[in-house]
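Take a look at the structures listed below.
Both complexes below contain chain A, partnered by chain B and then by chain C.
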Partner chain A sequence: MRFWAFYRRELLIEFRSGVESFIPVVFFLLVVGTFAFTLHSVFTGDSRVLVSVIWITTLFTSVLSLDKLFKRDHADGTLAVAVLHRDAITTTVVTKLIAHWSVTGIPITILGPTVGLLSGLQIDHALMLGFTLLIGTPTITMLGALVTALLVGLGRGGELLTVLILPLYIPTLLFGISVCHLHIESASYTSELLWCFALLTGSTTAIPLALGPVLKMSQDS
Partner chain B sequence: MSLVAGETIELRGPNGCGKSTLLRIMAGLQQPDSGDIARYVDPIGYLGHKFGLASILTVQENLRWTSTLIGSKLDTTRARELLETFELRTEMSKLIQELSAGQKRRCSFVCLLIGNYKLWLLDEPFSSLDSRGEKLVRELIEEHCRKGGSAVIASHSASPIAQAVQVELGIG
Partner chain C sequence: MKFVPSWLNRLASPQHFFIDIKPWIMWLYVLGTIGLLVGSVWGLAFVPPERYQGDSFRILYVHAPIAHLAQLIYISIAIAGVVHLVWKLKMADVYMSAAAPVGCWLTALALVSGMIWGMPTWGTAWVWDARIVSTLILFFLYFGLIVLRRVIPNPARAATALSILAIVGAINVPIIKFSVEWFNTLHQPASIELFGDVSIDRVFLVPLFINIASISVLSAGIILAYMRYLVVERNASMTWIQEWSRGKNQ
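Coming up: the complex of A and B.
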């Protein structure tokens, strides 16, 4: 009951924020769209470039959207109230991350392959791209949330966030792109895909548990 | 310094003497530079300088969130009664950002009551409140302690809370 109540609240906040919540997805479409129009001949010649562009844009979109993840709650004092409820903080954080992924990760997972198809990507390659984004975007959200939680107490988190977060994203990016490239080349991608799953499993199990104490610590700054 | 059930401590002192910091340390939101603190109640009802209300949710949605935090379902009858007491009955469906500062403070108190916390840590609880609101909050704190609850209050108010132990803090 608690999970759904929190999830409903987080979705309500996301939707009531209006345009602000959907700017990252619009940014993603604009960047990928710009590349698709300007480098169309490159994309049709080598679809590996296209999937790389979509993956890299996904990372930058994530940085853009994660900056505000805990900022509003910190500003209005609800984050302080939440961290004082030790038995509820993990559920609060998990639902916040799922809601965030629902409004950014899911649209990107759908739009990425769609833009790929429109730019000449074969359907099976587009499906593999969608699949890697489906298992890659939650990992990106989790890793980003950890850094955002550490920086929430600081006034100038935005600039630091970009510098700190991108190196953490590199393994997810490399394995995600590798799976797509190897699939396009009809080579074996099992080990890379297993690494993607390992990163997903590790981040979704460990990070939500760490976020409660990290957020409490960030109240001290 | 110790606090037992039914007791109220009122922290007084000039700006910058550490009243808010002490409250945050008591709440567990901040670590002390030295010394220890032991808490035997959990969770704690903390009301800081910020209202602790989600600005783009309605009054009712914020009350529901508080109930969910403590693991219960919102008792709508009690919520209506409390909103009536705090003269917020007609604001129930309004977004927090549409309320005045005084109304937000009142709403924070409704959340505090919905939370059924044993220990209240209140930082400047009378700020933004008019004289009626201040009187209401004073009565509320006194009633909370009569019922066995405890409160620590950081206040600048000229008149102290009845029955409260006054602790004067200084700078340096």
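Coming up: the complex of A and C.
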């Protein structure tokens, strides 16, 4: 019950901010488009390049959108109130992350393969790309939220956030891309896919528990 | 509760650490320097040239110990992070702050010495090979730790943030190991394994192990000296520090 109320609130805030909520999607299309235009024949000729570019752009889009994840709630005191309820903080944060994933992860999971298809990716390769993005983006959101939570209220973001987060994204990126590449080369990708799932289950179970204390610490000082 | 020997328990307090550790640092410096000289001279001058790489392989005696230690220090920082989060030991935080810059420098040196080795053997200084990239990422992870320490003004919060980032980052370190098998690339696979056959002859190994041991000892000395410096910086208002400095000045 509480979950749906929170979830609805997050989505409402997101959509009522109007055109601002489209920034990540437009950013994604813009960057992939720039790559496609400048790499031209390499981009459309080699499916592996295409898949890698889409995956990497997903990471950048994620970093960009994480910047404001806790900013508003910290500024208006919502976070301070949420932190006071020790058992509620985990629910609040998980809801927040699911909402954030719904407005950034899901659009990219749909857009990525669509852009791929339009650039000449085969349909089963595009589906595999969509699948890896589907199980990769929650991991990305979780890891990113943890690092963002460390910096709440410092008034720092942007490139500092990028420098701290991107190295942590590397495993997710490598396994996601390897699965797609191996699938394109018709090789066996089971172990890489299992690693993707391992990262997904590991991050979605451990990080929400860590987020509560980390956010509390940010409010204490 | 006799979990921890009493001397170790004593070192967990900044005051006792500061006083007890002083005489050790000089010994660590001396031992590390002598060992490094012995190992390097042995490796560079007395070991026979390698069959395929000739004399250029000798940079192994510089490169491998540094690269080894760079990874080891990151894991030790992550362990110190766990210790900090669980037991709230002040010295764990001091260790993290002191070890991060040392590890960062070692990683940079490992990359540079690897590039120098790459020129004669691979014909190029830089390859976008999995293991090199992992080391580069390790460098960024260290850099992130140092920067995070700087941007958070509150020391308690900085320590917790540092612990969490170090623990999460430690997930990356196994990738350095595994990536050798995941991607089949130019890089030669690791030749020393803890359990199993060693693919280098014993003649080459003795100076290598001397160097690995002595660079660890030397780095331990540097980190401990830096830790003492940080203890002074953070406890400047404490009476024991002021008494110590007065006694020093007399």
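In the analysis below, the second predicted complex is superposed on the first by the 220 of 221 C-alpha atoms of A that agree within 3 Å, B and C clash if a C-alpha of one lies under 4 Å from a C-alpha of the other, contacts with A are read in each partner's own complex, and residues count from 1 in each chain.
Definition applied: a contact is a pair of C-beta atoms (placed from the backbone, for glycine too) under 8 Å apart; a residue touches a chain by one contact, two chains touch by 3 or more.
Just so it is clear, the model here is predicted, and its values are computed rather than measured.
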Chain B versus chain C as contact partner of A:D220, first or second or both or neither: both
Which of chain B and chain C A:V163 touches, first, second, both or neither: second
First, second, both or neither for A:D73, with chain B first and chain C second: first
Which of chain B and chain C A:L146 touches, first, second, both or neither: second
A:P171 touches, of chain B and chain C: first, second, both or neither? second
Footprint overlap on chain A, where chain B in one structure and chain C in the other make contact: 220
In the complex, chain A residues that touch chain B: 1-2, 5-6, 9, 12-13, 16-17, 72-73, 75-78, 80-88, 92, 216, 219-220
Chain A partner contacts - residues on chain C that touch it in the complex: 137, 140-141, 143-144, 147-148, 151-152, 154, 156-157, 160-161, 164-165, 168-169, 171-172, 175, 179, 182
Parts of chain B lying in touch with chain A, wherever the complex brings them together: 24, 27-31, 42-44, 46, 48-57, 61, 64-66, 68-71, 73, 96
Footprint of chain C on chain A - complex, ascending: 143, 146-147, 150-151, 154, 156, 160, 163-164, 166-168, 170-171, 174, 178, 210, 214, 217-218, 220-221
